[in-house]
Structures are given as structure tokens and as C-alpha cells.
Amino acid sequence: MHRYLRFPFMLASFLVAVACHAATEQTLTTEDDLGPQVQQPIEFPHYRHAGNRNPVDPTNSDPTKGGMEINCQYCHTYARRSLTAGIPPLQKCVGCHQNIPTVRDKPRIVELFKYWDAKKAIPWKKVHDLPDFVRFNHERHIKRFIEQQGRPVQEVCGYCHGQVKEMVTARRQKPITMGWCVSCHMKEHVVVAKGAIPEGGTPIGKQDYWYTFQKPAETRNAEGELTAKGPNDCWLCHK
Amino acid sequence: MIDSESTKNLSGQAFDRRDFLKVLGFGGTAVALSGCGNTSIEDGKETVVSYVEAKDYVIPGVAVYFNSTCAQCDAGCSITGKIREGRVLKLEGNPESSINRGKLCGLGQASVQHHYNPDRVREPLLRNGDKGQAISWEKAYELINEKLQGAKGEEVAFITGDVSGHQKVLLTNYIDSLGSKNHFVYEAVAPAVVRAGNLKSYGVEMPRYRIDKAKVVLSFGADFLGTWISPVHFAQQYAAFRKGVDGQRGVLIQAESKMTLTGANADRWLAVRPGTEGILALGIINALGIATGDVAELVKDYDRARVSRDTGVEPSNIDKIAAILRLRSPSLILAGSAAEGYVHGMQNADAINLLNHVLGNVGKTIEAPVSVPFPQLTQTKGNTASLKKLNDDLAAGKYKVLFNIATNPVYTAPASYKYGDSMAKAGFKVAFAHYLDETALQADLVLPLDSEMEDWGTHVPEYLADTAQINIQQPLMERLHANTRGMGDILLTLVKQRKPEEYKAFDDYYGYLRYAMLQNKAALGGSGDDDVFWNDTLSKGIVKLSGASGALSAKAAVEGLKLPQPEEADKQYPLRLIPSVTSNLRDGRHTNQPWIQESPDPLTTIVWDSWVEVHPKKALELGIVEGDIVKVTSKTGSVNVQVYVFPGIHPEAVSIPMGRGHEAMGRYAKGYGVNPFGIMDAVFEGSTGELAMHETRVNIAKTGQRVIVVKDEGPAGGKQMGRRVALSRSTDQVDLSKEV
Amino acid sequence: MKDIREDIAWAKINQDVMKSLENPRPLYWVILFFAVLTFGIGIGCEVYQYQMGMGVANLDNPHVWGLYIATFIFWIGMSHSGTLLSAILHLMHADWRKPIYRFAEAMTTFSLMTAGLFVMVHLGRLWQFYYAVPYPNERWVWPNFQSPLLWDAMAIFTYLSSSVLFLFVGMIPDLAIARDNMHSGWRKKLYTLLALGWEGTDRQWRNFRVTYLTIACFLIPLAVSVHSIVASDFGMSQQPGWHVTSFPPYFVAGALYSGCAAIITLFIILRYVFKFEDYMTLPILKKIVRLTFAIAMVWTYLNCIEFASVWYSHDAVSKDLLIQKMTGPYAPFWWAMIFCGSIVPLVFAIKRFQTNIPVLFATSLLLNLGMWLERWMIVSPTFSHGYYPWTWDHDQWPSMIQWGIVFGSFGWFTLLFMVFCKMFPSVSMYEVKEMVYHRTLHLKQNGASEQTVEQGVH
Amino acid sequence: MSVTNLLNNWAAVRHFHPIDDKPHDPYKWAMAIDLDACIGCNACAVACYAENNLPVVGREKFQHGQAMHWMRIERYWNEDSREFPDQGAEFLPMMCQQCEAAPCETVCPVGATNHTQDGLNSQIYNRCIGSRYCSANCPYKVRYFNWYDYPTTDNVWPAEMNYQLNPDVTVRGKGVMEKCTFCVQRLRAAEVTAKGEGRIVREGEVQTACQQSCPTNAISFGNLVDPESRVYKQWKAQQVDLAKDEQEKDKREGGTDLRGYRIFEDLRPYPSVMYLERVRESAV
């Protein structure tokens, strides 16, 4: 190749590569995209509380062999009722732990009771810290995926928060960038109506309506199932 | 979530009071200060503040609502406070209350800014030379006790604003325990002449006005949409009145010398020569031609030509008004404060009220008031005559100890009183204050009060709408500053100094209040469990009572009604000064709330400053234009103020709004505008002794300076320049019956 | 009269132009000093504005655009004359452009760079300017391709890159000369690098000519489109005074006009500072002046068209605005614009003044002022007197910060331009040689007198 | 990030143009303001300050026209040159008209302002780069720019005053445009609650701050698609059609006896706020 053409050729190749890269749908959920390990005032062992029970001996509560499969929502009770997941009040920790004398002298529990006796809130560090102008609605996602679609709690929470049940203190596993959120909202999800509350809605006037941009007629996938996209409206999260 | 920096700001306070009141910091979704700052995901940078213990109803990110009472004016609107993570965010009207029915005016909305105000007094301050020295409450109480030891009962005086409810009971008990009879209830802007006039004409001080039932409202300077008595309530009545009884839209006619907010909403606004409102009223009676007996005798001289000459109202307008009043009944005639700020104010009021009798409105659109079955809780009604008396006494050196409770007479007293000097003659001056205002600055001891969002209380408004009610005031959040105290708590402590035995059962005012309310549970319409009743009361925010209605006197009071002829213009002071009361600022106690300062005056759209309104004709005559700084001089003094050329004022009058021109009080109030009290002459209404605010005469001189008037209105000056923006049409072009 | 003396030896051309890279007149340093000074002030103002917020420019809520946008259009406009001289006249074989097109092209580039700065200066959050750039990003959002402002950004970027390329390509033979004549040092290395191994072979000349012509052809529609797009920032909006169909040609005419005026100014300065009296001759100046006069008249005509279309459009709001411009608070500036833009160029019609340097200098400055005022009068009155009467503003006089940045932009432009002229040959040596060569060839062939030669040439 | 995303983005911009065949579904938030009921008392404006974290700019900045009142009450006088304004003043509450074909939306270079499916004209602060083109193209001039960094400006939110800030609304820093949002934080909360319960937002369930405070109920707000809503009924009764640039009733000979109108309808922004003309008694 002529030496003068070398550079233009390389440039063109690069641009084509970028375009091809951009043209393919990417899932931005790379497993190794971990956030920093955040130092917490008390090393709360999530795996102990939420982790799977020991499959061999379910009654064995040896910490090295598994957890207690406590529902995420048992402690993170605000998430289904509010925009914010919130942090459980100290009362909640103490409520159980004052009745568990076996671990009472473990250093973390001792630390916990120090806070309780001083009636001081624990200064937890925020792990999944979105920018200040983003308002993610926990309640809505839990309503839809857990209550309406009946999916398992840990799967639903884990979609954004990762495998918390295997962690000690929580650590970010997903990028939670805007593109990551949007990539999910742009997918056609099959609509499952389970439980008491139907996913669709009630017609107003004589007009059928659907949640999203599309009319129901347009939102059937190849199998003929109803599908819907998540809302695509900036003002849902930024306001 | 809250970042660690903000936690530090908050950590000065102990987080151990009632759960819902606890300040959780900016929990939940962040208050994104500079919402465009943190633009990336930053794990582990911020601290989440969580609760130690939490009630079930407290959910981060979800607001809780508590009902209370607005204390910005005396109308007694009930409010609902929106509380998130222990902070009051916003006040809304409480729909339970028949006074404001879920609505709230701008002034009421702004009271959160009173609560969060950075200029509030935070510590008890004892005068030390020119400075205030922070002392403890114990020391302050001791000091008061000590000073009272050295004073006889009659040497102790109290000046307060309107008080009602249990606070009034405690205050009265305290004053009694001191053996003092000197309780001066002072309100700078109070409908005292209205009350006296009503008493004379209708037999009650404050009847219920039913604007919503009237087909025509003729108001003589009553700014019922802006400032008069209970504006939020009247505005709601006004809305119903405009919708109309059986589909006929109500007609509002406003006669006054300076256009008020109500005047700006009138179908016909009449510019009346200042002080001649009574003559106009009699002229209308004459034109109606339906009066008989001594009334007819009284009005026979007030023929159209004469009335028109005296008042400046065109004869055709008098005819039109008489015609519509004759045609549409019932009507309602209102005598407002603007008509009564003269030496002959009572005569004006009588003449205007007479019109109601002639038209047969009494009993139809003027109804008997409901009475509250607890007379000890009803409002003591403030007036200006009390300040005159107090001032005279102070000047005579009669008092050794003066308690000033949340009033600011140094600012609102006419300059000729020299109230500051009089006050200096009192031996020991205690000011209970929210801000270091003009009066607090002159006190020897300043005691910081809780805001109405931190304090307990009960209020009984003077003007009650449908039923009698007691309004509950309860804390919406924990005390913002550790060293402020509620007025009730202070009074309780003080009264305990005197009568320790009687009050020893009560730890604090809350306990007293709860006890007192529960004592009368049956009378308050409660039954069953105390706690249930109490919680129910608190959650509603008001207690509705079945109060009996009084009776109105059907007979018109004609005796002694004699109106003076309008005076010839004074050569030296040719203009009348109308110190106008605006709906934002009123008597100036809220000036330090920035929303109030930045909320444009509805008529001139001016913000952050005072102005003098001059009619265009007069302005042309004097050669002044908008923005000229003029010197407004009265016999008492003078102020320099910017001119706003305003068509809605009688050419013989100029008007300066009240409420600005503070020399102290705080960063948002100090140094903005001028204070018209400073040039007000001390002239008094003939029969009540109230300050006749519209009797000051002034002249105007250019100073040669000119400024740009800070206002929202553009240079087009309220003209639409042919654009179709705000449209209007007359009733014959519109069919209102089709409307929803 | 001839455009250029033809007895100049090629060596002397090299020598004269190379001398401009070494020792200009002292005035050069004075100009450079003031340029740096004003630029410094501008930078200071911008830093302050960046820190405090746009409010320090004393813009207000109805009046959100001010001198920044006006000056932005001014600089964009200025850039057009370079393209006119170097590309359009190149295609038209107007030989007289040869000694002056280089600096005109440099002017294009630098005024575009200045204009680009104003896009940044104007942004409320300039640290986020990359949101307007279409590139794949983690947010999964694109800019709004409907916005004229985005077209604007793209057009300017394209125009700037093309102009830089055009300037550079046209300079290659001269860079080679500079490379060969420069004493050793960093500049020699720079020229060596930039000359891209130019040897002056026939093959190189042939490729060079084709490339140059191609870029010239590409640049002409681009130049027209750029200012049309700037015009559509206004024309596509809905505001009175802006929503005018004739804006694109009007803007292009205005652009050429202000560019030509600027060329006259810079011509006179360069001629003196770099002792280019032999190349930037009075006959050439005369031709520019005549061209400018013609464009001035076109502009005046388009101006009248605009007024007439407003007047007869029955659009009361636009009409109102026009009357307001003539009589309202902006009237002095508006009439100054008419005076500077339409009356002052009449001086050019007088033959005596067409070569009178002091008069031309003063006049060209006035024309530039007029054109700047024109842009201001397009931008500001619409804000002050738009559709909504309530928000007509009281007090919108640009603050010192705003003026400071506007003046700073002049400093920045002058700085770039002056540094360029000292760094690179601002007179195209090889093309001047062509001029001289053609003429000497004639002389040799005909052996005729000067008189006949001139007739033959023309 | 994909080309499909790019194309979607592009196509969605004018998705909800009223003359398009896509109806608003299930919400179209709209307003009706009765100028005959409006008394100009400013309660709505103050409520807006409280709800939406509007900064108080102070005297100097107000003088320079940098006030940030999303809701402004305009006061107009009758233009006949009588001695007194004897028909009172005309008050007009003016805020973002949430136009269906908003002039501001098409011109924003970064798409920081665009249309939502429930018929709002959204303003995304964190996307805004501050070109101010939207304000330049707004016929109503109801967009307000953050000329200064108000959160850090003295005496805008000094200590304690910042406790009042509404956590649901972003506090805007310098250099971004803002405007009335129809209290979108309230709308979204109500929509999400309703969605969770499988229904639409009922009439009266959500109020804007201005509507809530208005003592005369001059402002009504609701879902224009919902035939039960007061706004729907008012628009219907006044024969004002959202998708028209000139109403049928105005074309009728002899005019109309209805008083509903929209400001600058003929410029075709299709505003979502209908005003009802102020009425004056002809008998006096």
C-alpha cells in the first residue's frame, strides 16, 4: 500500500470499528465491574444473614457454612414503601440480637450494642451512591417484579445490587450508570400478571391503554406474549 | 443521603426527642445542594444517617403530615405541615378548618421561613452596655423574679399582641398573681373601629359576613381579599360570590381612596376623596329613595350633586350603584379600615352600616357570630389606643418592669409618641422575641421564643366562620435551637414563681395544655378514652364546638350621626398620606422572611423596597416620574422614598406601604425601604381613641435623585401592547351558565 | 496601473517575505503587547464568570443572550472573506488576490477559532460542553439533532477543520522555501516538518494544484452553509425579528461585508508592519475597496428587503419590534449601524479615497463597528421587546465582564494573527512569483513597452 | 449505546405532537385558570417557592431581572386612558404553559428539555449545558436561568434555611435553565402509586402546589384524558381543543359567549394551560 494511504486507511478502519461497536447492543453488566470495597463502621456480614442455608445440614448455622436466608425485605423494609431503600433502624438489629446470647460477645455485636447503649445511629457509608440528581424508585421496581411478577426477592434485588448474599459488607457489582439503567428499560419484557394486582391497568373512557409508548397490539413478541418496555422518560429519575 | 459535612452542622443537637420530630438530617433522597455537583457514582463517600429507633409510620423518603395553626396573622387558619425526616418542608391548609378550608395565603406559606430564620434569637440575652450577653434561662428567671420583688403590682406592665387560648389563661393568671392590671393588648393594624362601629350598628363586635350569599358587595375600603380580618376565608367566599347565587355572578363595587387588592378585583372601583366615604354612603341611601323616617330625614341633604362634589364620584355612578343595589338583593355593604382611619371614622362606619340596615341585609348577609363556650379562651382584641395609654404611662415613669411579648411598638408606634424614649423610662424591660427587632434591642433582657412550629398552644380566632372552633398548635419538628422556649412554658415557669402550689402538677406547658383540654373533654365534644380523644384532637388540629349564635340588633343607629364636611386642602401639606397595609407585609413583623420580601406587591409588583404611590395627574403636576426619590414631609417628620406612579389612587392622596424600613430585625429586613409610621401624625379617632392613620397630611418635594424601581413589571408598565395576553369581557358578552 | 511591480526578482520576493519572519517594524511589538494585554483581561473576566456564574455578564431572564452571541456571529462572519479571497477568487482566476489571500485565509481560521471560543464562553455550564458532541457514551443519550445550535456546532467545526487544511495545503510550497532559507534552529525544524518533504517536482506541483482546487471547491459551499446555519439559529426560531426567511442570504452578505472590511484593516496594518509595500500595493487595495463597496450595497439592499418584508407582513409584533429598534432604547445603536453599514461605505465610491490609506483605515474600522452593531441589533432587541410585553426588560446593559470578554476576543484574535504572520509567510511567495513570472514572460515575448503589456494582461 | 438507540432517540422527539395520531395515554396533564376567580394574591407564587426550592435572589439580582419565580402574577391595566382604573386590574398567573409543540424543545442542543408521554415539557437539569436557546425561543418567557450558583450564594439558603428544601426536587446549581414543572415530583409520585395499584390517578388525588394554595380555586389541574376530571370538563365546556391553533368557536360569526382561551395559540405551541377570561359587570 502506498505510504500516503496508510494513515487514512487506518483512520477509516478505526471509524468503521467504532461504528460496528456502537451498532451492537451491549450489555453493560460485566461481572468484574466492581465498585470499591467500602469500609463500614461495623462489618455487617450479609452472607450470614441473607446467604443460602447450608445445603447439607440446613439447621447448621455455622457461619463458614452458610447463612440464614433472611429475606432482604425483612431488614430493608423501607424499600417497598418508599423511593429510598433506607437503612434499617438500629432497633431492628438489636431486636433480634438481644435474644441471641450465643454471639453476644462477638466483636461486631459488642460494637453494635455500644451504639445502642449510647442511642447513637451507626454512621453507615453509602455504597450504591447515585449522583444527587438521580432518584431511583425502589418501591416501583419491587412492586412490579416481586409483587406483580412474583419473582424471587434475591433475584430482583440482585439485579442491581449483585450477589449481596455472598458478600460481607455490600460492594457494588453493577455499573449502575445511566446507560446500564436504560439498557434494561429499552428491552421488551414479557408481561406476567401474577398476584392480586394486574400489571395492565383499567381502561379510561372507551380507550384501552397500556403503560408504555406502545399500544398492546404492537407489543407481542414472537411467542405471542404481551411485552412492555420500561418507561423512557427523563423526568422519572431526574427532577 | 446526608453527607458527613451536614451531619456535623446538625450534631450540636441531641436527637432524643419524639421520633417524628427528630431531625434526621437530609435523609432519604438527598437534598442535592448544587444538584449538578456530584455527577458520578461515588461509593463510600457519603454517610447514611439512620434512625436508632423508628415509629412504624416514619419511612425515609415518605412525608408525614401534622396539623397545627398558622400564627402569621390573627385569622387563625389551620395548617398541615409536611414533614420529611424530621424537617418541616412546607405548609398547606388544613381542609378540616372552616376558616381556610385547605387553603393558605402566601404569608402563611412563608412561616417556615420564620421558623428556619437564621436571624432568630437563640440565647437569653442580658443587656451589658450596648451588647447582649448570653445567660442561662435559670438566671433569666431569677433576674425577673428579683426585679419583680422590687416593684409593686401597679408598677408592672405587659404589652402583648392578640392573645387567646390557654396561653391567655396563663398570662392572665400571671398578671393577676403580680397584682397588676396593666395588660396592654396592642395590634398596629387592628379593626378596632370596625368593631366599635359594628357594636353600635349591629349589636355585636364581629358579625359573620356572608359575601357568598350576597349578589352585590359594596365595600368602602375593606380589603377583605388582602388584609381585612380573615382574608383567606373571605377569598373563598368571594369565589362562591363570583360563581353566583343561582347563576348570577356577584358584583363587587369598591369605594376607596387608594386601590387595595380587593379594589383591583372590583367590577367598579370608585376613587373617593379621602374621608368622604360616609358622605357617599348617605348619598347612595338618598339615591336609593327607599329610606323612611329619621333615616330619610338624615339623608335628605345628600343629593347627588352635593355628594358628587364632596366625594369626587360622578353622579352617574351613584345612580348606577343605587340601581343595582335596588335590583339585586341581598347585598352586603362593608365598612373597612380604610374608611375609618379618620377623626370621624365612627361616623363613616355608622353611615356605611346604615346602608345595610336600609337595604335589609342585616340577618341575611350579615349574620350573628357564633360564640365560643369558653370565654376565658377567646381572643383579647388588640387595638392602637392601648399603646397610646401605655406610652403616656411610660412617659410618666409609672412602670418599673415592662414585659414586651412578641410586639414591636418601637417600630410601629407613630414617631411623635417617641415610644423608644418612653420605654427607656421603665426600670427593667423584658422582651420576649423571635428576632432582635427594634423593641428587643431596647430591652434589658431578651428572651428567645420558640417558633410556632416548635411550640404548643391553642388559639381561638376572633372571626369564626361556620362553627366555633379551638385551633391546636403543636410542634411540627424538634426545637431548632436548644435555648429557645415556648411562650407557654415561660409563662408556666413564671407563674410557678408566684403560685408554686397551684401549678406544681405541671412539668411543662404541654402537660398543662393536655390537662386543661382533658378536663373539659365533654364540653369539647369528646368522650371515651383520654388518649384517644387527645390523639384525635391533635391529628385534626382543631376542636369544633357547638357554640350558640348571638343576636343582631335590627335597629339602625342613627342618633348622633353627623358627618363633617370635607376640609379644604392644607396649603403647606396639601396631600393625604395613606399608609397602606399590604397582604404580604402587614405591620412589618414578617419582613425578615425572604419569600415575603421577594413576593411582588400585587398592585405595583415592587419587591424589596418601599415606594410612594402618586396619581399620574398629580405626578405630572409636580413634574415627577417613576423612580424619582422624593421627600415626603409631614408635621411629624419626613422620609425619602422612590415614586411609583400609580393610577389607582386619588390625586389628593399619596400612599406608602407599611412593613418595611426596619432598622433592626435581621438580614432580610434591615435597611430595605422606609417606615411610614415614622411620619405619621398622632391624630385620634373621635369616639374610640384609635390612631387615625389616614389623617396625616404631607407634601412632596423632589430631591433630584432617581433610581430604577425594582419591580417585576416590565417597562411596558402593565400594558398589553395589543398582544392577547390577559383578556376580559363584560357580563353581557358571556354566558356563565354553560360553565362547569 | 499594475497590481504589482514586475521587475521584482524572485530572489527578492523570497528575501522580502522571509524578512517578515525576522524583523517587523516596532509597531508589531506594540500591537502584540496590546493584544496580549486585552486577551489577558478577557481571560480574567472569563475566569471570574466561570467562578461566579453567567449573572456577572448582566444578562437577565428574558434577555438570555447578549454580546457573546452577537460577537460570535461577528467572528463567524469575519471568517467568510478569507474563503472569498482564497477560494472564490481563486476559481475566478482573479490574480490580484495572490499577495493577500494568505493572511485572509489565516484570518478565516483565527476568527473561526475566536468564534468557537464564544460558543464556550456563552454556555452556562461550559464544563459540560461535551454533552453537545454526538459520540457513543455511557449515558445512552445523543444530542438533539433538531437543534440549529447543534448544526451550528457541527458546521463550524467542519468549516474550521477545512479552513485549517486549506490554509496549510496552500502554504506547503512556501513552507519549503522557508525551510530552505531559514537559519538553523527550532523554526527550521518546524518548517521542515510542515513542508512535508516538498521538493517542487512536477508531480508534486500537479497533485498540489488538484488538491488545492478540490478543497477550494469544497470550501465555497461550506462557507455559504456555515453562515446560513448561523442565520438559522435565528431564522428557525419563532421570535419576532428573527423569524425571517431572508436571513441566510442576509447573514452571508453581512459576513462577506465585515470580512472585507476586516481585510482592509489588516491589509493596511500588515503592509506597514511587515514592510510589504511592494506586494500589498495600492492597486490591490483599490480592488478590495471596490469589492467591499459592492458588497456593502448588496447588504444595504438586503437590509431594505428585510424591513420591507416586516413592514408588509402584517405581523404586528415584528413591526412593533422594528419601530422599537428605530425609536426605543436601542435607537442610537441601530442608527449607528445604518450609518456605519450603509452611509460610510459611500466613501468608497469616491475615487480619491480608494487609495487613501488613512481614510480607508478609519472607514474600515467604522464598517467593522457597523457590522458588529448589526449583529447586536439582531440579537438584543428581540429579547428586550419580544412577544410577551410583561417581560420586556428594564435594564440590560452589558456588564464590564461581558465587554471585557468581547474585547478579550479581539486581543485573542490579534494575538493569533500576529503570531501567525511572524511565524509563517503571510504573503504567498510562490503565487506572487507567478504574477511576476507571467508578466516578465510577456515582456520577453513581445519586447513591448509597459503600456502594451498592461493592455495585454487585462 | 447503539445506532438503534440513536434512531429511537431521534424519532421520539416529536412523538407526542398533538396532531400526531398518538393520543396521550393514559395521562395528559393540563390546567385551567379562571382569571375571574384569580385575585392576584400571590399565594400560588409563594407556594411554588416552598415546593420547588426556588432561590430568593435578593434586591440587586431582582433589579437585574434575574428573579427565579416560576409562577409570576402579572398585573395589567385597562388601556383606555381614563383617569382611574375604574374596572380594577387584570391579574394573570403566568408559568410554563407545557406546550405540546413546545418551541423550546426543538432547539435545545442536548435534548435537556423534551416531551414526556403524559404531556409535560420536561427540563432535565443535569443534562442542561446552559445554552439558553430554549428561553430565547419561548414566546412566554417563562424559563428562568440560574445566573449564579444560588446554593452557595450568601443568604439564599443560609444555615437552617436549607432545612426547608424539598428533597424530591433537585436544587439547581449555576448555569442551568429551570421552569415550572407542573410539580412533576407530585405527579410522578401519584402515577407510581396508582400504577402499583393497577389504576390511573384519580381526579383530585394530585394537586400542584399553586392549585393547592389558591384560596379562590382559580386554578384547576388534572388529567385532560380523563372525562371525570374537572379540567376535562372545563376544556370541553369552553370548547377549547388542545390540538387546534384556532378554535372553532372563535371562527364562528359574531364571536362566542365562552371565555376559554389560550395565550398565543396562533403561534402554534399548543399550550396546555387554558385561561378563562376575566368578567366585568356591564351594569355598573
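We just call them A, B, C and D in the order they show up, numbering each chain from 1.
Just so we're on the same page, contacts are C-beta pairs under 8 Å (C-beta built on N, C-alpha and C of every residue); 3 or more make two chains touch, one makes a residue touch a chain.
Quantities reported herein were computed from a predicted structural model and do not represent experimental measurements.
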{"item": "Pair sharing more residue contacts (C-beta pairs) when A-D is set against A-C", "value": "A-D"}
{"item": "Between subunit D and subunit A, distance of the C-alpha-averaged centres to the nearest whole Å", "value": "35"}
{"item": "Centre-to-centre distance between subunit C and subunit A (centres being mean Cα positions), rounded to whole Å", "value": "56"}
{"item": "Between subunit B and subunit A, distance of the C-alpha-averaged centres to the nearest whole Å", "value": "53"}
{"item": "Subunit B-subunit C separation of Cα centroids, rounded to whole Å", "value": "65"}
{"item": "Set of subunit C residues in contact with two or more other chains", "value": "125, 136-138, 140-141, 387-388, 390-391, 393-395"}
{"item": "Shared-contact residues (touching 2 or more other chains) in subunit A", "value": "22, 131-133, 135, 175, 177, 179, 182"}
{"item": "Residue list for subunit B, restricted to those that touch at least two other chains", "value": "28-30, 32-37, 39, 61, 708, 713, 719-720, 723, 725"}
{"item": "Chain contact topology (line, ring, star, complete or other)", "value": "complete"}
{"item": "Contacting residues of subunit C [partner subunit D, same complex]", "value": "52-55, 58-65, 122-126, 128-129, 131-132, 136-138, 140-150, 153, 233, 236-239, 383, 386-388, 390-391, 393-396"}
{"item": "Touching residues on subunit D, where the partner in the complex is subunit A", "value": "1-5, 8, 12, 15, 22-23, 25-26, 114, 116-117, 120, 122, 124-127, 168-170, 181, 184-185, 188, 192, 195-200, 225-227"}
{"item": "Subunit A - residues contacting subunit C, complex", "value": "18, 21-22, 28, 175, 177-180, 182-183"}
{"item": "In the complex with subunit C, residue positions of subunit B that touch it", "value": "36, 708, 713-716, 719-723, 725"}
{"item": "Of subunit D, residues touching subunit B in the complex", "value": "35-37, 39-43, 45-47, 49-51, 56-59, 62-63, 67, 69, 72-77, 79, 83-92, 125-126, 149, 151-152, 155, 157-168, 170-173, 175-176, 209, 212-218, 230, 233-234, 236-238, 255, 257-259, 261, 263-264, 275-284"}
